[in-house]
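What follows is chain A paired twice: with chain B in the first complex and chain C in the second.
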Partner chain A sequence: MGLLTYVVKKLLIGIPVIFGVTIILFYIMYMLPGDPIKLLLAGERVTPAKIEELRRAWGLDQPVYIQYFYWLSHVVRGDLGVSIVTKEPVTLLISQRLPYTLALMLISTLLSYAIGVLSGVLTALRRGTLVDSVVSITGIVGYSIPGFWFGLMLMLAFGRYLQILPISGYEGPHSLILPALSLALPSSAYVMRLTRAEMIEVLNEDYIRTAWAKGLNERRVLLVHALRNAMIPVVVMFFLDIPWLIGGAVVIETLFALPGMGRLLYVSIIRQDYAVVQGIVLIITVLTVVFNTLGDIVVAVLDPRVRVERGGGV
Partner chain B sequence: MNNNAVSKLVVAMLALIVVIALVSVYFVLMPSPTQTPTTSPTGTTTPQLKRTLVIAIPEEPMGLDVQQVTWSNEVHDLIFQPLVVLDPNMSIVPDLALSWEVSENGTVIIFHLPEGAKFSNGDPLTAEAVKESIERYKSISPYAEDFADVQEMVVLDTYTLKLILSKPAPYLWAVLVTNYGAPVNAKVAREVGNDAFNRLPVGSGPYKVSEWVRGSHVVLVRNDNYRTNMPFVSNKGPNPYVDEVIVRFIPEDLTRIAELEAGRVDIVRGVPLDEVKRLRENPNIKLYETLSPGIHYIMVNVLKEPLNDVRVRQAIMIALNRSEIAAVLDNNVVPWYSFLSPSQICYNKSVESLGESLYSHDLNKAKELLKEAGWVDTNGDGIVDKNGVPLKLTLLSPTDDPALKKSAPLIQAQLAKIGISIEIKEYTYDYIRDLTSEWNFELALRRFSWADPDILIYLVHSEYGNYTYSNPEVDELLELGRSVTDMTERTKVYSRAQEILLRDLPLIPLFVLKEYTAVNKNVKGLLVLPPYGTLIINDVWIEQR
Partner chain C sequence: MRVPEVLLDVRDLRICYETSRGCVKAVDGVSLEVYAGETFCLVGETGCGKSTLALAIPRLLPPNARILSGSILFKGVDLLRVSDSKLQELRGKEIAMIFQNPMTSLNPVHRVGFQVAEVPVTHFKMSWREALATAVRQLGRVGIADPDLRSRDYPHTFSGGMKQRSMIAMMTTCKPSLLIADEPTTALDVTIQAQILKLLHELKNEYGLTLLLITHNFGIVAEVCDRVGVMYAGKIVEVADVTEVFEAPLHPYTKGLIDCVVARRKSKSRLNQIPGTPPSLLNPPTGCRFHPRCAYVTHECVKEEPRLIEVRKNHLVACHNYEKVGGVSWSS
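And then the complex of A and B:
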C-alpha cells in the first residue's frame, strides 16, 4: 500500500511538470528570432503580402497564449497538430521516427551500462593495480571525447576503410551499431566512475567486513551485500539518463543520417516547425517523468528506507 | 579475493547484456521498413552495368508535389518534366513541348505538345491536363504569383494550348524552365487529395516515386511513358540502363563525402567547399562545375549614417580585394563587380567589365573617396573619423554559408587598410535575412539565386523589395524588364538598371560561387546543366566497380 501511494503521488507531481515544460517551451519557440513562414518561403521570389496571408492561415498572428491554448486543447484530445512544413499530422511524423530512436537509445544505454558497471566493479575490486589505472585513464579519455568526433572516427574506420558496416543511413539493425557505440562510450565512462566510487565506499563498510568475517563465500559477499547497495545510485542514474540520450541522438542521428526522432527534432528546430518541436518535447518530457518515477520505484524496491522516508507514511 | 569468481561474474554479465541488446534490437525493429538502398532489380540485360543510381543530397524535400513546396530539389527534377528547359548555353529549348510560338506583342504563347504524351501513370498528357495543372498552381502554390499574368488558357485542340497574358511576361519563362513550371497530373491530385499527392505525386519526368522513407531516402523507378524533346540528349525515352534512382538525404557534409568515396553513393550534391581540393585529386571522382545563378554580396543599409553617403559605399567597393578573397576560398568563387551572374538570363559581359574598370582594387582611390566624404584619420589611431566620430561598422556574417563566413574576416582586414573598423557579428543566414528586412543592420553578407534577372525587383525595388534603397529610375527599369519580350531589348533594360546600381551601390557585389557536383568516375554520360546544376541522366550508364 505504501509503495502504491508513493507511485501515485510521484505521477501526480509529474503532471504540472509536463505543463510547465510545454508552456516554457512554447514561449522559447515564440521568442526565438526568425519567423517560420519566412523560413518556409526561403527564396527572394515572394512578396510580403504572401507572408502575411500564410501567417494568418496558420494562426501565427494570434497572441502567444491563444496559440498555446489552441495547441493544448488539441493535445488533450490526442492531436499534436500539423507540421507547418510538410502539412502532415505530427503524431504520424513522430510515430514514423520513434522506433529508430528508441532502438538506438535502448542499445546504447544497455551497452554503456554493461561496459560502465563491469569496468567500474572491476576497477573497484582491483583498486591500485595496473588494471585499475589503465581502465580509469581510458575512462577519463572516453569521457572527454565528444560523441560527434568519436562517431566520425568509427564511421571512417569501420565504414569507409574496413567497409564492414554501413557508413550511414538505415539498412537494418547493423546500421545502429556504430551510432550506438558513439553514444554509449562517452557515457559508459561516467557510469564506470560512479560505480567504482560507490563500490569502493561500500566495500569499506562494516557490514561487508562482517560478511567476510561470517565466512560467506565471495560471490555472496560481492553480489548480494556489496553490489546491491553500490548499485542504488547507478540505477537512479540509469533512469535519469534515458531522456538525456535523446539529446545525444540529435547529433548522432544527424551524423549517421538515421531517420530517427532526434534528426526530426533538429530539422524542425532549424525550420521553426513549432508543432513538431512541441510534440517531440512533449514526448521527451513524458518519458522523463515516467522514467524518473520508474527510477524511484526501483530504488524503493531496492532500498525500503527510501519508501518510508519519502512516502511520509507509517 | 578469488580472481576466478570475479572474471566469471564479468563474463556472465557481459554475455547476458549482449544477448538482451541483440534481442531487443530485433524486437524493436521488426515492424520497421526493410528497404536496403543497395538492392538492384532483376532482369538485367547487360550484367556489367549497375542498374541503380544513388544520389546523396543534404536536405529532405518538405513534400514531393512541386506545386506545394516552397523549395524544390533533385527529387522534383526527376519526377517532373518542364515544357521547356535552358540548354547549356542558356537558350530556351523544348523538353516536354514539341514547340511553341510567341505572338508579336508577347501576350500570347501557344504550346504544341507531342501526340500521345502521357503522365507516368499512363493518363494522357493533353493541353487540357497542362491547363488544369497551371490552374492548380495558381490556386495552391506559395509562388502562385508566378502565373499571375496568365489571364486565360484556351485549349485549341488535344495537344495545343494557348496562354493569353494580361501583359507581356518574359520572366514567366524562368518559371517554365524549372520544375515549378512542369505539369502535374491534377486529375490524380483531385482524386487523392493534395496531402496524399504531396507524398505520391504523378508527373511526366524520367522517374516516378516508388517509396518515400521519411528522414532517409526516396526510391524512384523508371517512368516507361517518359518522352522528351530536349535537343542535347541522345536518349529521348526512358533510360534503359538505369532502372532505379535512390535519392538519399544525408545532412552531414563529411558523411556524404565518405559515402561517395566508399562507392556506396554515385552522385553527391552540396559538395562542401573545403573538400573540393581533395576530391579533385581523387582519381575515382569527377567534379562537375556550374556557376551559381546569382551573386554573393554585401547588402548595405543606405539609410544609415555614414552609409547614406555614396562615396563611403564606393570606397568600400574599391577597397575590397576580391582576388584575395577568391584565393582564400581556393578559387571556388569568381570575383564579381556587377549584379547578374553568367548563369542568369540577360547577363551582359560589358556591364561586368564596366564594374571592374570602375572599382578594381585601389586603396589610394578608396582613401581619396573617404577623404572627399570628410573621413580622415585625425588622431592617428588607424581609424578614419569625422567630427570626432570614428568610422565603425558592423558586418553580419552567416554561420551557415561557408563562402560568406570565410570572407567576413578578409573584408574586415581589407577595410581596415582604408581606416574602416568592422565588427563582425555571426548569425544564421535566415536570421540575418530577418534583421535586414527590418532594416536593423549596417552591412550584411547575403546571396541570391534565380535564373531570371527579375529577381532584382525583389531586392532593390522600393516597393517589392525589402531593402532600404529606393530609386524611381531603377524601379521603372525593373518594372519595364518584366514586360519586354525581345531578348536584346530586355538585356539592355537590365544592363541600364545595373549601371545605375553600380553608381548607387545599394549592394556591393563580391563574387559568384562555383557549385560542384561530385560524381564517381564509373557514372558515364551525365550532364549537369546550368543555371541550377540540374542532373540530366537520360544518357547515363553506370559501370560496375
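And then the complex of A and C:
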C-alpha cells in the first residue's frame, strides 16, 4: 500500500538524522572548554599521575572518534554510560526524571492545543466581531509574554497571594498545574493564530461553497469540510512542537524546581557531565525524529495529496 | 397555447459588493422569469453581474455582498426571505448549482464517492451504503469510467473534465427542479466543453429539470438554449427566444456580441469587436449604460435610462432606439 511505503521511507530517513545529531553533539561537547576531571575532583588535591589514571579510567585519553564509538557501542546495547558526577547510570538518572517531563509536556500540549484550536475556530467564525478582537488581542499579548515571566506571575498569584498551589518542587500532580500553564500559554496563542488563519482561508475555498450548495447543515460544513482541511497545518505544528517543549521545560522546570529532565539537562551542562547531556540529547533527538515521522504519517492520512507529492505512489 | 409555468421569478434584484472604494452595484434592478423545463441562458461579458445573480439564487454570495432590494421567487417561495434551515432543504435537492472551476470545487480530503453520497444522505435520509451505491450509479451516468473503482479515489486523481462530471453527478443525484450552471465549461478544454454541454442537455431532458446556464459564449447559447437573457453592466438589456436573438437582435449590445461570433464564418473579414470596455460598476455611466460604446447613441440615451419593455411577443429589450437596430447588422 502507498501509505505503508511512505511510512517506511520516513522511518528510514530518521535513522541517519539520529546518527548525525549524536556525532555533532559529541564533537561539540568535546570542544567545550573546561576539564571534566577537574570538575570531578572539585578542588581536591591529587597527583598528576592520579589525574592521568582517572582520565584513562573514564576513557577520556582516547581520540574523540574512539570515545564516540565506545559510547555508541554501549548505547545500542541500551547503556547510556555513567554520570561522572554522581557515578549513577545515566539511564537510571533519566528514567527517574523522564516521567515528570513527559507529564508536563503532555498536559501543557493538550492544554495549549485545546485552548488554541477552540479559540482559533471561534475567532474565525466570528471574524470582525468584538469576540474576535478581544480573543485575538489576548492572543497577541499572550504570545508576546515570555513563559518564565508568566510563570513568575502565576507563582505570585496562586502561590503567594491565594496560596492554593505549590510553587516549588514536586508535591503531587497539582504541582504540575502552574508549570503546565506557563508552558501552554505562549504556545496556545500561536496555535490560535494559526488555526484562525487556516480556518478563514479554508472557509473562502470553493469546495466550502460546494458543501453549502449541496444543502449540508452548518455543523457538517464546518466539521466535515472546513475543519478537516484547516486542521492539517495545525496537526503538523502539533507534532513539530512536542520536542520543542522540552527546551521550554528546561527553563520552566528550573523555575519551579521540578525534578524533570529539563532541569537535569541544565544542571548537567553546568557540571560538564558529558554522559548525561549526551543521553538526554539523544532522547530529545529520538523524540524529535519519532514525532516528526508521526506528524508526516498523520498528515498523509489526513491529506491524500501528500502521499503523491512526496513520493510513495497512489 | 399552454401558458408556461414560471419556476423562477427574479424581481427588481439589486446586489452590491462592499469594497474599500465604495459599493459596487453588480446587479442593479434585474427582473427575470425562468419557465419550468426550459434552458435559459444568461449571457454577458466578464464582470457584468451574471455570476452574482446566479449565486444569489441559492444565497451563496460571498460575505461582502449585500442584497439591497428585490425578491427571488422559486415555486412561489421567496428565497431571500426563507429561513436558513428551509434553504438548506432546498439546496442540492430542489435547487442545485455547478460552478465555474471544477479544479477547486471538490473537497481535496474526501473521496469523490463520499462527496456525491453526502447529498442523498442529507436529503433522502439514505443509509451510507445505499447512498454510496447511488453515487456510483450517478458517477457512471455522467460518464466516469469504472465508477465503482473511481468513486473511492480522491479528487486530485481526476482530470478537470472528470471533476466537472463529478460535480454534475453530485448536483443531479436528487433530480432537482432547477440546475444553475455558472460557466460550467469555461475552465475546460474545448473538446471537453462540448461533452459537458451535451451531458447537461441530456440530463435536463432525462430528469425534466430546468437549466439556468450562465455563459459568456454565444456559441454555447446557440447550441443548447431555449431562451436568452443578455446582461450588461448589472442590467438585463434583452430577453428573447434563442432564434429571435440570433435572427433579429434588438439591442445594439446583443447585436455586437452576435457579430463577434458570426464574423468568424466569413473567413477573410476581420473579427468584429465592440469598441471600448465595459464600464466600472462603481460609477456606471448616466442614462443607458451602453451609450459610450453604442453606434446608435442619441441625446436621450445619455440622459434617460431605457426600461426593459416587451416590444414584440416574448421579446423584451431595454433600448430607446431598438427600431433602428432591428435587422441591420454592424458588419454588413
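What we mean here is this: the second predicted complex is superposed on the first by the 299 of 314 C-alpha atoms of A that agree within 3 Å, B and C clash if a C-alpha of one lies under 4 Å from a C-alpha of the other, contacts with A are read in each partner's own complex, and residues count from 1 in each chain.
The rule is short, and it goes like this: a contact is a pair of C-beta atoms (placed from the backbone, for glycine too) under 8 Å apart; a residue touches a chain by one contact, two chains touch by 3 or more.
Here the structure is a predicted model, which is why all the values come from computation and not from measurement.
With chain A as the common reference, chain B sits beside chain C without any clash. In the superposed pair of complexes, A:199 makes contact with neither chain B nor chain C. More chain A residues lie in contact with B than with the other chain of the pair chain B and chain C. Residue contacts after overlaying the shared chain place A:181 against neither chain B nor chain C. When both complexes are overlaid on chain A, the residue A:209 reaches chain C alone and has no touch with chain B. By the touch criterion defined above, A:225 reaches chain C but does not reach chain B.
By the touch criterion defined above, A:189 reaches neither chain B nor chain C.
Fitting both structures onto chain A leaves chain B and chain C with a minimum C-alpha separation of 9 Å.
The interface of chain A with chain B overlaps its interface with chain C at residues 218.
Chain contact summary for the complex, chain A toward chain B: residues 33-35, 38-48, 50, 54, 85-88, 93, 96-97, 99-100, 102-103, 106-107, 110-111, 113-114, 117-118, 121-122, 125, 152, 155-156, 159-160, 163, 166-173, 176, 218-219, 222-223, 254-260, 263-264, 267. By the touch rule above, chain B contacts chain A in their complex via residues 1-2, 5-6, 9-10, 13-14, 17-18, 20-21, 24-26, 28-29, 31-32, 34-38, 60, 62-63, 68, 70-71, 142-143, 145-146, 195, 198, 213-217, 248-252, 254-255, 258-259, 261-262, 264, 427-428, 430-431, 433-434, 437, 448-450, 455, 458-459, 464, 466.
Of all residues in chain A, only 204-207, 209-218, 220, 224-225, 228-229, 232, 302-305, 308, 314 touch chain C in the complex they form. By the touch rule above, chain C contacts chain A in their complex via residues 58, 60, 62, 84-85, 88-93, 96-97, 99, 101, 104-110, 118-119, 122-123, 154, 156-157, 167, 170-171.
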